[in-house]
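Residue numbering begins at 1 within each chain, and the chains themselves are lettered A, B and C in the order written.
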Amino acid sequence: MLEVRGLTKTFGALRASDGIDLDVREGETHAIIGPNGAGKTTFISQLAGDLRPDAGRIVFAGEDVTRLRAPRRARKGLARSFQITSIYPEFSALTNVALAVQAHAGHSFRCWRDARRDAALLDPARRVLENVGLGGRAGTLAASLSHGEQRQLEVAMALATGPRLLLLDEPMAGMGVEESQRMIAFLSTLKRRHTIVLVEHDMDAVFRLADRISVLVYGRLIATGEPAAIRANPEVRVAYLGED
Amino acid sequence: MTALVFEQTLNGLQLGVMLFLMAAGLTLVLGIMNIVNLAHGSLYMVGAYLTVAAFRWTGSYLLGVALGLAGTLVVGMIVEIVVLRALYARDHLDQVLATFGLILFFNELVAIIWGRAALFASGPSWLAGHIELFTGSRYPLYRAAIIVVGLVVAVLLWYVVTRTRLGMLIRAGASNRTMVAALGVNIRLLYTLVFGFAAALAGLAGLMAGPIYNVQPGMGELILIQVFVVIVIGGIGSVRGALVGAIIVGIVDTLGRAFLKPLLGTLISPPAAESAGPALASMLIYLLMAAVLAFRPQGLFPARGG
Amino acid sequence: MKRLIGWVVGVALLIAVPPLMLALGQPFYVDLVRRIMILAIAAVSLNLILGYGGMVSFGHAAYIGIGAYAVGVLGFYGVFSGWLHFLVAIAASAVVALAIGAVSIRTSGVYFIMITLAFTQMLYYLGISVAEFGGDDGMRLKRRSAFPLLDLNDPVQFYYLVLALMLVAVYLTYRIVNSRFGMVLRATRSNEARSRAIGFSPYPYRLVAFVIAGAMCGLAGALYGNHTNYITPGLMSWQQSGDIMFMVILGGMASTAGPVLGAFVLLLLEDLLSGWTEHWQMILGPLLVLSVIFFRRGLAGIFYKPDA
C-alpha cells in the first residue's frame, strides 16, 4: 500500500529524516514509535504531503506521490489526523465531518443548494459520528467539545473521506486513561477494514493495535518487525532506555 | 542623449534611496513585529511638516532637520505605545484597519494645523547649487546629497544589522520571533526601539522629500504604495531586499516615465503613444511586481524561514 | 426566525423612505440612502471574500471604478443601453478580478494585502493617465443608463432599482455561502491545514470567490456612476477600499446582514460628522481605531449569534 524509499529531509544542520525505508502492507496496522525529537512528525508531514522531502520516494497504492501535495494525496485516499487538534472550531461536529465527506463526494463548486441540509453529505457524516462514538454530539459546536471528543472528531474526519490509508498522528494525545481505552477499542474495530499508520507514544496502545512496529531514532529507522521482536530488540531497548 | 539617460538614472537612484529609507523601516517592522502599519506614510509626512516648521522657526536648516527627526521619533514612539501595542496580538486585518484610521487622523491633524494647501519647503542654501557630471551636464546638488545620505544610511544599516548585537537580534527576530522572545530578550523594548528607528527613517525620507515633492496632507500615502511594491519585490523582513527592490523600483519608475512615451512613439503612432505612454509608465512597477510574484511569491530575498 | 423578522422590518423601512422623505420635503435623504445601498452592495461583495473567505483584499474599490467607467466610457462612445452598461460592468470586473486574483491568491497574509492594494493603485494611475476620459478630473456622464421600463433620472425609480438589486445581492451571497462551494471557502478560512488534509486545494475556490465578488462590486460601480453622474479615478482610491472594508468589519464579518448594517452605520456617521465639522475625518479616524480595538464581533454580533 505504501512504499517509502530513502526519505531524507534536512533543516540546516539537522537531519530530521535520514534515508528512511519503510513498507506498509495493505490491511495492516503499522505503528511508528521513537523517542521525542526522533523526527516522527517530520516523517508524517512528508507522508501526508505537507513537507517536501529533500530526497527519496513515496509510492502510495502503486503510484509515485512524492511530488504531489497534501490535497491531492488526500483525494487519492490518504487521510490524516493531526497531533495537535485541527478541526473547524466554529462549525458543529456534524458540519466538520460533512465537510470531510464533501471533499470526497465532489461537486464542490455547486453555488446554490444548501449544503447544510444536503442528505447526501449529512447522512454519511452522521454514520461516521455514530461509529466514532460522537453520535449524540452531532449538533454541538466543535469548540465546545471536550478535548477527548475533539480527538475523536479528528479521527472521524479522517475516516469520513473514505480513505485507503489512515495516517494517525498521536490520536490519544492528551487523553485521560478512560478516554484512551475507548479510543483504543475504537481503533481496533478499524483494524480489519483500513490500512493504518499509527504514530504513538502510548505503548499500551501500540502493542495492542500494531501488526508491525517501526522504530525511528534521530531520523533513522533502526528496526521494523512484529511487536514481540521489537520488544526483544537490543538496539531498541538502548534507544528507549529511560523511556516508556 | 546619454547625458539625459544618466541624469534620469540618477533621479531614479534618488527616488530609490528614499524608497529604501521607508522600505527598510517598514520591512523590519513587518518582519520582526509582524505588524502591518499603513500609517508609515504618515510618519513620512510628519517628518516633512515638522522639519519645515522647525526650519522656519529656527532659521537654521540643520537645526530644523534635527528637530524634525527628533519630533518624528517621538511621534512614532507615541503611536507605538498608544496604538500598536494593542494590535500585536491581533490579526492583520485589524492592524490594517486601525492604522488606516490613524492615516485619516494624521492627515486631518496636519490639515488643521497647516491647512490643506501644499507648503513651500526649501532646502538649505548651501545645497542649492549644481554639480558637474562627467557627461558634461549639471545635476542639482540637493538631489545628489539625497543619494549620498541614503547610501550612507544603507551602509550604516548594513553595519548595524550584520555586525552588532542589536542587529543580530533584529535578524533573528525577522526570521523567528518566538525564538527571540524565548531567549529572554526584552521584546517590548526591542519593538519600541525598532519602531522608533523605522519612524526616524521615514521622517528622514520625508524631510528630504520636502523640497522636491509636495508637502501636503496625503503625501505619505502616495509613496507608501510604492514602498509596498518594494517590499513585495524585496521580501519581507530583509533590509538587503529593501535596498535592491527600492533601487530597481526607483530606476524603473523614473526611466519609464521619462522614456517610455518617446520609445513607444518610435514603435506606434505618436498620438497613440501620447496616451498609452504615460498610462503604461505608471503601471510599470506594478507589472514588475506581478512578474516577480509569478516566479518568487516570497520576494527576492525573503528573511522568513517559512 | 429572528433574522427573518429583522430583514422584513428593515426592508419595510427602506421601502418607506422615498414616500416618507418626499412628504417631509427632504429629497436629499432619498439620495443619501440610495448611495448607502449602492455601497452596501459593494460591502456585501467584499464580505464574501473577506468575511467568509478570509482574504484581506485592500483593493476592492477597483471594481467600483471599473463598473463606473464601463458606464462612462460606453456613454462616451454613444452607447446608452442600460443592459449593455451593466453587462459590461460586470464582465469587465470579472475579467480584471480573474487577472488580479490569479496572481495575488498565490500569496497570503501581508503579501496579499499589499499586492491587492498595489494593483488597485495601478488601475487608479491608469485612470488618471487616460486623458480622453478626463484623467485626474474625471468625466461627466453624458446620459444615465437607459432601461426599457425604468427611468433612472427619476430618483425614486432609481432608488427602488437599487433596493431591489441590493436584496438580490444579499440573497445571492446567502445562497453561495451556504452551498457546497461556500462551505469550502469558509472551511479554508477557518482552518487551512485541515482543509488541505481532507482534500481541498484552497486556490481554485478562492479565485472563483474573488471573481464573483469583483463582478458583484462591478455592478455596484455601474450603479454608483449613475448615481453620482460623474466618474473619477478617485472611486478606485484605496481610501474608498478602506471605507468598504470598515463597513464589512463594523457590521460583522461572515454574516448576511453585517455589511448592510455596516454601510448604513458608517455612511450615516460620516454624513452626521461632516455636518458638524469640516475635519470630521479627525473624529472618524480614532473612532475607527477604537472600534477595531474594542469591538470584536461587529454590530451584527450584538443582534445575532454566529452561524453554526
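Just so it is clear, a contact is a pair of C-beta atoms (placed from the backbone, for glycine too) under 8 Å apart; a residue touches a chain by one contact, two chains touch by 3 or more.
A quick note: this is a predicted structure, and the numbers were derived from the prediction, not measured.
Trainee: Averaging each chain's C-alpha atoms to get its centre, pick out the one most distant from chain B.
Mentor: That would be chain A.
Trainee: Relative to the centroid of every protein C-alpha atom displayed, which chain's own C-alpha centroid is closest?
Mentor: Answer by centroid distance: C.
Trainee: Per the centroid of Cα atoms for each chain, what is the distance between chain A and chain B, given in Å?
Mentor: Chain A and chain B have C-alpha centres separated by 48 Å.
Trainee: What is the distance, in whole Å, between the centres of chain A and chain C, each centre taken as the mean of its C-alpha atoms?
Mentor: The computed centroid separation for chain A versus chain C comes out at 43 Å.
Trainee: For chain B versus chain C, what separation do you get between their C-alpha means, in angstrom?
Mentor: 31
Trainee: Spell out, as numbers or ranges, the residues of chain A touching 2 or more other chains.
Mentor: In chain A, no residue touches two or more other chains.
Trainee: Which part of chain B faces chain C closely enough to touch in the complex?
Mentor: Residues 30, 36, 83, 86-87, 90, 92-94, 96-98, 100-109, 111-112, 221, 225, 228-229, 231-232, 236, 275, 278-279, 281-283, 286-287, 289-290, 293-294, 297-299.
Trainee: Which positions of chain C touch chain B when the two form their complex?
Mentor: The contact residues of chain C facing chain B are 50, 56, 58, 103-104, 106-107, 109-111, 113-115, 117-119, 121-122, 125-126, 128-132, 238, 242, 245-246, 249, 279, 281-282, 284-289, 292-293.
Trainee: Across the complex, what residues on chain C touch chain A?
Mentor: 175-176, 178-184, 187, 190-191, 193-201, 205, 208, 306-308
Trainee: Flag every residue of chain A that touches chain C in the complex, lowest number first.
Mentor: 48, 50, 69-72, 74-75, 79-80, 82, 86-92, 95, 98-100, 102-104, 107-116, 118, 121, 139, 141, 157-158, 160-161
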